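Since the structure comes first, as structure tokens, the remarks are kept for the end.
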């Protein structure tokens, strides 16, 4: 069960500012929707607890976030894995920090979620909606935090 | 058919079942009904990954969960010498709890013991396992490349488990090459699962005498006792296995599962009773699956439809461990029955098995050891041949049937069919069906563009494993046994080495004793499943109960009769030689009026036995001289909805020949149940894995069991061709309907679509597949 | 929490966790093991009991707390003293069971069906039982058993 | 499987239930039928900290025609509709059809209509029915009780206009006139399965036989049940003909955006959507004595 998404965010901040922001585990962790707690493990690893509320799926889920910056191509890749009770959700997302030349920045992102275990079997449809929302909201939060 | 049980003449009586009163009043006794003071609940941590290294298992959080008493992992078991268990036929071994890495999704990783079910589940959730995913091998064809070696623990560093073959390889190849007509088809019998309504489970504890008291859902309790003794080192006298009422088995309750071993180890380590009951998800994802045979079938024939040669090459998906519960000399089970009901001049069958990242197993779901796969292959391929030769599939079968006069028939792949009258069974079906009228209706419908199909399956099975010269499990020969004791008042008890899971042994075994000894079956108690009391037996599966244990009961009864004859002679004041058993009583030869009943003799055996040994009992261990070969003709009539791809089974007729019938009502019940399983397999069921090794059918929402609304109405009929070598001529019938029916369903659908040029559809025949087959065929036409 | 349920006419008062499912309350807190559990997705119907005289419910998909103050009929309450209920007699006469695991749920679903639909056709019965799975009988004899019960219990 | 632990609060009145929900907000879930919630809890997908049981609330257990609407209270069961004496009237044929194919006959004796609407499963049966019948949902929030048209009520997969701390009290199905009939066409692999595809249709005719109003909606054809506006517009005012039915069906098939899964491929489900709308329209018209 894997599910793909993509999107774009126009951010009113310079590419350099955006590039610095997306490499900061604390800041990126805080962008996760409904995040309740963020604990930075090291410069590229952060644990976060998010409150999930999609239909019947309610409760707190522990997520492990790994940031993989690629300075040359100004691309940041992220691995998010989390779950509970024998289920695992592996999200991979990546964003290209693009300089359209007008002083602002274009964040072109794409994401993919792979679910395993009972959550895939039962929550397949629930999961799709939740994973898409998680990734969309995270990148929207990046824009919000940078333009404020 | 008479339904009254009476002393003598209880064979063939549709007697009401003796075991029903407890079930209809909620007084059945299933494993999960057992609860004991201080009993702990065991729940298993399972892997979400299908192939991954285990970096670490952190049980600290779990141990803090209120109610959790202990958590054990593979390393703990390894330290106790129980890390790996030999698989059923002893040619491989299987991890109890994962050690080092996991090899299939939902594999057991850790065992949590807690005071309540809730606490056990909470404990499972708190165990932190760190996995490092490894590349996944999702089918035998990827496995064959050996790019990723799944089992480095084995000596041979390959995923190839075994090559098996039987028959004349070169002769068949030559005959095929020389055949003017030839068909070949890849036929995949998909992975499915027996899913008995009661999941597997056990209660294990060590009593004050240090004996392991082990209540478990087992179809073969004695084999469990011996295997556990060998594996755990606990002396066999200190192991008491009790298999109570079982809520269905269908082969799912033959293997010994990791949950059982963890329960025993837990009970020993913690010193309290431990109950393990699996969930439906655990049952479907980790216990014995069935089938998963990719079969390439080739048949050669003359233009007028005489078959010349058969070749079948199979790639078998055995999952992560080779735990297929076959007799040890038969890695591909009875697949050699693939020539079916047809007299092939030459044949050659071969099977290559491979490891994959899927659950282990393969032998289950009423399969008679791969007979379901073999029968589906030949019955589907014969329809493809009929289509190629433009001959009516009925005529093609009739022309190639083994004739009645050829029995006992030596098949080209090593069996000697005991008896059969295939033409009579076929004609019985055609007449009951009104075949000509159906053909006329089909022609009219086809003219209007409607899709109607008629599908046949004229199968022959091989059951009743089996003769000691060929068959053993863990070295133990596959005999079976019975012990009969008649009490002073003429009542009695029979104990057998089998274990019913709903087949009605408490009634049918009593009917055999009633017939053989002229006693009332209502007063013959039947007991199975308790290894402290029942004589040693190999259990109930592969339709072996009646052919093997049924024979043992008849033979034990005849030993009782011989002993009784001595007491009768004394009562009749006649020489033993002058006393004969006739019309269910002992008579002085030629003087029928001078006779005594078995009831009278039984009383005398305890009160007036003269010089004879008191008491009236006997035991018999029956080693069958040959297997038995039930057959049948099944016919499905279907209508296909072009717009939705739905297939409606309008009629289904099953004519079965299983030799002598003990209880027609119970036989009919077995046929109804087996046909419903065949229907489910043909149209609904599959255990599917994606390329990542994720199981997509892990519960009853996605692994479909048909309800009363989808299940067709079943028409049944019979012919009777007794087995010459069985004491009462019985052949066994439990698996025939599951063996024979899938081909009839699929043949009917393909027949309905044949005007569009469709020649084969793999099971399950879903609406989506049918709709697309129609759409693609119409696209080809324009 | 405290839960008081009348089961087969007998009042049971127990202290249970809120998450206790009614099926396990009946089996383990009341010791009535005739109600069975066969799945984890409310699919199989082995756990069906009858609430308040006429409503068939899957007791694995209901908390014991929801049954507080209600009447529950389980298979153990079907027979009237020694006399079998027409459904029990029907299942026995028509060979409507083999392993017995689905039988309690099947009979209680039929009990509620007959309460609301005393003279059902074969189609009504097959539709009414479509929430209960059986792996042994193929349903045909179960339908005949319910038809016999509807006729007043004679074979 | 055993759910995660939670606190159980039994409400005896709507006010009491509403107070609990306001107090616990996102942590709480309403327990009515529980036929979707409890299985999700058993798999620990749903782990609410608090369950508010509204089954004891007598005034939510209502099923009556009142002021031009069929009022379906929050704990009125599917089976109550299935067994209602008035259900055989052809004006209620859509609602009658769906009440016989939701889930399975035992689940329907606990499952509720309002619960199904609030759950808003992409393959839900009541959501598509509510669209075709142009129902409304009564929701109680901090600012009091409001009536939300179904089109506004269904927001996204498993998401509706009921926000945290709020509670749905009832669903109102307008009472159709006597020249109205409907049909619910559902294809499922077996009883109890989610729909592979499903179409809800309701037609009201003018005296001259033309279509006064048409409701056409699909289930299992997108994030949640979807109204096929184009088909409804096509049908309105027209005389029902075979070509019109085909055009409406094609519009539905075009609009259908299902996911491919074990139940069928995208192309199969899209085609099926059209087939079921056509069959639904034909059956509704047949129930009105019109052959098309």
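We just call them A, B, C and D in the order they show up, numbering each chain from 1.
Basically, contacts are C-beta pairs under 8 Å (C-beta built on N, C-alpha and C of every residue); 3 or more make two chains touch, one makes a residue touch a chain.
Computed from a prediction, not measured in an experiment: that's the story for all the values here.
Judged by contacting C-beta pairs, the busier of the interfaces B-C and A-B is B-C.
Per-chain CA centroids place subunit A at a distance of 50 Å from subunit B. Centre-to-centre, using mean CA coordinates, subunit C is 29 Å away from subunit D.
In subunit D, the residues touching two or more other chains are 1-2, 4-5, 39, 41, 43-44, 104, 191-192. Chain contacts: subunit B has residues 117-118, 121, 125, 279, 281, 696, 699, 701-702, 705, 707, 709 touching two or more partner chains. Of all residues in subunit C, those touching 2 or more other chains are 17, 19, 40-41, 43, 127, 129-132, listed in ascending order.
Which chains touch which is summed up as A-B, A-D, B-C, B-D, C-D. Taken together, the subunit D residues at the contact with subunit B in this complex read 1-2, 4-5, 44, 104, 187, 189-194, 196, 262-265, 267-268, 271-272, 275.
On subunit B, the positions that touch subunit D within their shared complex are 117-118, 120-122, 125, 279, 281, 643-646, 684, 688, 696-697, 701-702, 704-707, 709-710, 766-768, 771-772.
The touching residues of subunit C, counted against subunit D in their complex, run 1, 17-19, 21, 40-43, 45, 48, 55-58, 60-63, 65-66, 68, 109, 112-113, 116, 127-132. On the subunit A side of its complex with subunit D, the touching residues are 51, 53-59, 84-85, 118-119, 122-126, 128-129. For subunit B in complex with subunit A, the touching residues are 45-49, 105-106, 121, 124-125, 131, 281, 690, 692, 694-696, 698-699, 701-702.
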